[in-house]
Every structure is written in C-alpha cells, then in structure tokens.
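Note that the chains are named A, B and C in the order they appear, and that numbering of residues resets to 1 at the start of each chain.
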Amino acid sequence: MKKRLGKVMAFVAVSIMIMSVTGGCEAAKEDSTGDGDVMQMTNVSYDPTRELYANYNEVFKDHWKEKTGQTVEITQSHGGSSKQALEVANGLEADVVTFALEGDIDVVADAGLIEPGFTSEFEHASSPYTSTIVFLVRKDNPKDIKDWDDLTKDGIGVITPSPKTSGGARWNYLAAWYYFEKQGMSEEEIIENITKLYKNVLVLDSGARGSTTTFTENGQGDVLIAWENEAFLSMKENPGEYEIVVPSVSILCQPTVAVVDEIVDERGTRELATEYLSYLYSDEAQRVEAENYYRPSDTDIIEEYAYDTSDNVITEVPEDGKWIITNIEMTDIEHFGGWPAAIDKHFNDGALFDQIYEN
Amino acid sequence: MMNKKAYKRIIPGFGLSFGITLLYLGFIVIIPLCSLVIFTAGISPGVFLETVTRPRVLSSYMVSFSTALAAAVVDAVMGVIIAWVLVRYQFPGKKLMNGIIELPFALPTAVAGISLTHLTTDKGWIGKMFHDAFGIDIAYTRLGITVALVFIGIPFVVRSVEPVLEKMDRGVEEAADMLGAGRTKIFFDIILPEIAPALFSGFSLSFARGLGEYGSVVFIAGNKPYETEIAPLMILSQLQEYDYTSATAIALVMLIAAFIILLINSYIQSRSAKITGGMA
Amino acid sequence: MRVRKNDGPVKWVLITISALFLFVMLILPLIYVIVTSFKDGVQYFVNAITDEYAKKALILTVWVTAITVICNTVFGIFAAWCLTRYSFKGKKRISALIDLPVTVSPIIVGLIYVLTYGRQSAVYPILKNLDIKIIFAVPGIVLATVFVTLPFVAREIIPVLNAKGTEEEEAAALMGASGFRIFKDITFPHIKWSLLYGIVLCAARAMGEFGAVSVISGHLRGKTNTLPLYIELLYQGYDFTGAFAVSSVLVIMAVCILILRSIFEKNLIKNKD
C-alpha cells in the first residue's frame, strides 16, 4: 500500500511536467492554419452579432468551397466591442475583426496590427451593414413613450448600458444628444435633459446584452434603448410582449470591419480573410444581414425589406420579413466630429458623461 | 553560514522543498504582481494620486468596502451560529447541512450571480416577497451586492471557526454553567475569546474576497455610478476605455488593501498563537 | 455526547436559523438553476448539454481543472513541508504570499497575466519566437486558474503537519532515512485525508472560476471557452434555458465533489481519533 502511494506521488510529479508541456504545444498546434485543404480563421466580433455571423459563416463556407474547393473552419469570439478590441491588441489572434464602431478598430490599428487606412479598404467606409437606435417598450406602450423627450419625464424607468463600457450605449447617448440639439437647445439645456434621462436609468449594465436581459428576463424598467437588431430579436424571442418605437431622430450606427494585417500575413490567410469581408457586400450576404435585422448597405436590398407604413410603432415582427422603417432621420458620427473627438468630449474620464453623474 | 543553518536542520529536503515553493510562487504570484507594480511605477505620483482619488473611483471603493464589510459581518454572525450548530448538536439533516457549506466555492460565481439576481428581482421568488411585504428591493441595490457577497464568504467563516469549536475544552463551560453563569455570559466570556482569532481569520478572508469579487456581483449590482458600481468593475471599465494606467493604478490600490487585510490577520494570528502557546 | 438538559429551545432556534439561512442563500439558487433548466422540457435540456460546443467546453474545463489540481497539489505538499518542517527567515512572508491569491480580485489576476505575457510585454517577442502562446490560449487559462486556487491544498495540509510535530521525522532522519522515504512512510499517511480534502476543494473552485478566466481567455468558441464562460455565452445569447441547463451540469459536478468531500471528511475525523 505504502509503496503504491510512493509511486503515485512520483507519477504525479512526472505527469505535471508532461501535461504542462503538452498543454502548451497542443494549444499552439490547434491554432495553426492551412492544414491540408481545411483553412482556419478567427473572427473576433462584438456581442449582438452572434446570430448574424452564425448564419453568414454557413453562407460563406459554401461560397469559399465553390470558389476554391477548400473547407473553411471559422472560430467566433463575441463580447463587449471595446473589450474585444483590447484583447486583439493584446495578442488575441484574429484574422478579421468586426466591431461595433470604427474607434474600436483604431485601438487594434494603434497597436500596430492593422495598417492605417482600413476604412477605405472596403465599400461604404468598411461598414457592410448598419443599424440604428430604437426603443423597446412593453406591450401596448403603457407609459406612452414616443420620442426621446418622453424618456426624461418623471416615473419612467429607462434601461441602457453604460457608455463607459459599451459601444452600443455610446450610440444611445449620442442619438439622445442629437435629438435635443435638433430641438434648438443650447448645450447647457442639452446636458440638463441628458442628465434627467440618465437619472431615470434604473440599471446601467456593462454591455448591450446585459441590458436586454435586465429589461426582458428580469422585468426592469419601462423602456430599453437598444440596437434595432437587438430590439427585433427580443420581439422575436418573446412574441406579443414588447413593441418597438422608432423615435423621430436617431443615429446611423456603422459597425466597421477590417482584416488584421499582421495576423493574416503570418498565417497566410490574407486572401481568405479579404474574401470573407468583401463577400459581406454580396447580394446573398446582404439578405442574410437584413434577415438578422441589420440594415444592408445596398439600397436595392433595403427596398426589398422596407416596411410600408408611416407609423413608427412595430407591434409585432412583420411576417413577410419587411421590417426596415425608412421614416427616420439619422445623424451620424461625423456630426460629432468623428469618434476621437466624440470620445474626448463625452466619454473620457471627467468628460460630459461623468459630469452628469457628479451633479 | 548557509551550511551552518542547513546543518541544524535534521530533516533532509529543505533545499528542494524551499526551492520548489519559491520558484512556483515566483512564477505564478510574484512575477505577475511585479509586472503590475512596474507598470504603475511608470506613472508619476501626481497622476497616480489623481487617478485613484477621482470621485467616481472613490465612491466605487466605498461601495465595495461597505458591502464587503456588511457581508463579512453577516457571515461572521451566521458562520459562528452554523459552526456551533454543526459542532454541538445532533439533528436530522446535519450531514446535508455540513455538506453544502462549500457550495459557494464549487458553484461558478457567474451561475451564482445569475440565479441570485433572478431570485431577488421584484419578479423573483424571494424579491417579490420582500418587495410586497416590506417594499424593499434587493437586486440592483447595495443590498443585492451584499447578498451575493454573503453567499461568497460564508464558507470561510464556518470552516475557520469549526475546528476551534471542536477542540474546545467543554469542562470550563460546564463549570461556568454549574457556577450559575448565564448562557450569554458563557458565550461572551468563555467561548467568544477562544474562537476570536479563528473568527477574525474567517472574517478577514471573506471581507477580502468580497472586496475583489466580480463574477457574482456584476449581475446583481445594477452598476449605477456612485450607487452600485463596484471597484473591480471600475478596473474593467477603465480597461475597456484602453486606459491601462488608470486600471493598473486602481488595481494596485485594491491589491494593497487585500495585502493589508492579510497582514493584520497574520499579526493577530501570530499574537494569539503566542498567547495560547504560552498557556499550554 | 453530553447535552445540557436546558439546551432544548435554544438548540432548535439556532438550528432553524442556520437551516433557514442556508436554505435561502445556498439551496434556493441551486433549485432555481435546476428548475429553470427543465423549463422547456427534458429534450431541450438534453440537446443543450450535448451540443458540440458544450462538450468541448466541458472537456476543456475538465482538462484545465486536472492540470491545475496536479500543479497545486505538488506545490501544496512541498510548500506545507517547507513551512512546517524547517524554520527559516521570511517564513511568515511566504506564508502570507500563499494566502494572497484568495484575496486578489479575479479581474486583477487576469489583468496581471495580460500585462506579463500580453503583446505589450517584454517577454512577448521571445514567446512568439518559440511559438508559445500563453494568454488567449489554454496555458493562460491554466495559469489564471492555478493562481486563484493556489492556497487550497497547502492550507489544508499545513495545520495537520503543524499539529503533528516533527519528532517522528527527526528520529527517522537521524536513523539515516532519505527525505523521500520519510515523507512517504511517516508524513504522507498522516496528511493523506486532508490532502484529498484540499484537492477536492481546489478542483471545485478551479471548475467554476469565471472572472480571471474571462479576462484572459479571448472567448474563442470551441477553443478557449470553459464551461462557466460558455454559460455566460448562452445567457447572453437569449438561451436562458440552455444556460441554466449547462449550469446544472456544473452544479451536479459541484455536488458530486461535495459528496466526495464529506466522505473524505469522515475519514479525516476517523483518522484523528
């Protein structure tokens, strides 16, 4: 008995060495690409695109197989956009990045992984699909929420993620800002109204998905400020429980994509990665995007999915799949002077958003 | 000199075990922690101070500190009661009770966080009761954070106090009882001093763990700045703004706090060991 | 067992308080997890836990847990031996260092490894040349888990060794026994149950680690997603039932481990007597 125990200990000591060595090697081996006719690539993306890329990857695999005869395996990674960007900059090996905003790709570019000028690499400033910000309210809209100014009223519970940690929330904030600006308010008045709006926020989650869960599963609040695609997804998951209210003005959210130059050159996957992103602009892919409630960049395809009503409330997901409300005025990030300027003015430490909570 | 020392050690293997211990600690703990210190050393003291004393950061320390303290106090009280029940009484279901104490170690913090949140919102099983009966909301308030931290910290106290209670000589208690001392008096005068060092050790571990807990708290907290934003989340949000300097600065402050708690604990432990050692 | 005759009411009040507290704090979340996971029927539950990615996550978790436990067990034995069998300068400091990981925020654990081995660190080019990946790969996950669970084994053995004293070992050493033989024949039989107990705790905690791993894993689906991360993924993908179903797998694993633990504990007590 005792002898056996001694052997066990010796065995344990040896196996720790072996395991740690093989563990390291195996991990390195798994990630290597171009194994025979199977190509591997990694797409690091942000939270709400899970369903989109799950569908698109299937479409693309067929396309690539047809084109080159090779099989592709695509590994997905999802998380908060800024967090994901930081991980890529820190060494998470992604062949392509598909983030919520250009600013997040800038981070990867600043780390030297992507060559400057990535926005001109693909059409429409490298954003194959866009989205916008809408309201999700409970069935029959009991609090009668129609537009941004309703969110500042007393007794309204608002759910939105924190602009400090969520890319989506930054769009929410800027859209609200634009609305008040359009009412001809001075900057002080805008800040006052935004402050009122954020005073109504019940739960400030760290990411867009967290907020959606808080609103739907945990039943908090009267209105969720959400990505359009998130709002539709919630309606689809829980039919008859929510309505979408499209405000009079909103913001054009341009998720941006890029090939990670350093990684694709190292792995020899540039051709594959480039094709992966440019195929996002094909008619087939544009329809996949529309079916996942992203606005396609191709105007003809937008027409195909346009919702033919002047009413800005959607009480159920249209059965014919025509959901795009075109009756909405959208600003874009250029109005705020581009992301670096917007972040400086609104979201950095001590900037406007922090001041809202300090008062 | 080294030789002389080694000579004094009768049992062989000091070099090997000391070497392995130090090497392992070095690779796993010391080097990574040093890189944090080196990173923050690059910041000028002024910037460092400014970063770690921003109002929002200060308030996140306060949130973490107050909830962790409250949770550790609850854990200390409940931990002593549970340990007492487990050591002193026989009753049906005792084994089960004993078996689940470590559940918080074993249950992934994210799962704990998600299920506690669902239970305590005003639509959840427990939350609804409290909301209807007392008008108290648990989830998305500091109370909710405290609940999650109580969950995380309870095994630390129970498992520290239990062995001491087991070993305690009951003769003194019985003597006191025969001399007519009340139950409260026995507890406060005889039992409490005896278990105090162990209790403090459990208390400080659960307190320190509570300060840093993230997985279970982030779901239940609500994350409102100045109200329910915890310090670990603050680090994470600084990271997401690519502000490594602030993130590491705040991390360093929390690390020092954890270390101070441990030092106080080890001081108290060694002092009490001396006292009891002297008595024995 | 000597029970004081007027113990009655207080005894039951205390037991009720404890039971109620543990029920609300520990059991209710468990029940909630299991009830929710069967909300959409058994078939859905089975589908969720036999999903290809769920299996991969489970395998990774088991793998990471195994490596972590082995590393920390070996370390725990050596550290406990070193701290209880010799006196040397800096002993207290080493002892405090062993405790430190419990109190460090998991987020900070992730952060320090990213700083040490990430792309911006000085060692990154060297590692890259050797084709070794640490962060955003399995070794990083193992490192973070090892850090978080570092003290568990050592902390269980140290009190036992301290209580036992060193006389037997010293006598054996004087008789000329080698260090390994002393350990195997004298020390090991004393600590084996507390060692197993420590291993079990370490395994339980390693399985469920979320915060630190989340910072360092990169969330590569099917590659670096451990079970807790996979649960988060499902939860955020609107698949609540699936998330709870996979959680219940972890819960069941945890409960099994706790059952093992109480078996060991029984032996531990027997051993003491």
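Everything that follows uses one rule, which is that a residue touches a chain if its C-beta (ideal position, glycine included) is under 8 Å from a C-beta of that chain, and two chains touch if they have at least 3 such contacts.
Fair warning: this is a prediction, and the values are worked out from it, not measured in the lab.
Set against the C-alpha centre of subunit C, every other chain centre is closer than that of A.
By C-beta pair count, the most extensively touching chains are B-C.
One inter-chain figure worth recording: subunit B and subunit C are separated by 16 Å, centre to centre, where each centre is the mean of the chain's CA atoms.
Averaged C-alpha coordinates give centres for subunit A and subunit B that are 36 Å from one another.
Residues of subunit B in contact with two or more other chains: 118, 236, 239.
Annotation for subunit C: residues touching 2 or more other chains are 71, 74, 180, 235.
Those residues of subunit A in touch with two or more other chains are numbered 89, 210, 217.
Across the complex, subunit B is touched by residues 1-2, 4, 10-11, 14-15, 17-19, 21-22, 24-30, 32-33, 36, 71, 74-75, 78-79, 81-83, 85-86, 88, 92, 94-108, 111-113, 115-116, 121, 143, 146-147, 150, 159, 166, 169-170, 173-174, 178-180, 182-183, 201, 204-205, 207-211, 214, 227-228, 231-232, 235, 243-244, 247, 250-251, 253-255, 257-259, 261-262, 265 of subunit C. By the touch criterion stated above, subunit A contacts subunit C in their complex at residues 2, 5-6, 9, 12-13, 15-16, 19-20, 23-24, 26-28, 30-31, 42, 44, 47, 50-51, 75-79, 84, 87, 89-93, 111, 207, 209-210, 212-213, 217, 233-234, 237. By the touch criterion given at the top, residues 54-56, 117-118, 121-124, 139-140, 218-219, 222-226, 233, 236-237, 239-243, 246 of subunit B touch subunit A in their complex. Interface residues of subunit C, counted against subunit A in their complex, comprise 63, 66-67, 70-71, 73-74, 114, 117-120, 124, 131-133, 135-139, 142, 180, 184-185, 188-189, 192, 218-223, 233, 235-238, 240.
Residue ranges on subunit B touching subunit C, taken from their complex, read 5, 9-14, 16-18, 20-22, 24-25, 28-33, 35-36, 39, 78, 81-82, 84-86, 89-91, 93, 95, 97-112, 114-116, 118-119, 125-126, 147, 150-151, 154, 163, 170, 174, 177, 183, 205, 208-209, 211-215, 231-232, 235-236, 239, 244, 247-248, 251, 254-255, 258-259, 261-263, 266, 270.
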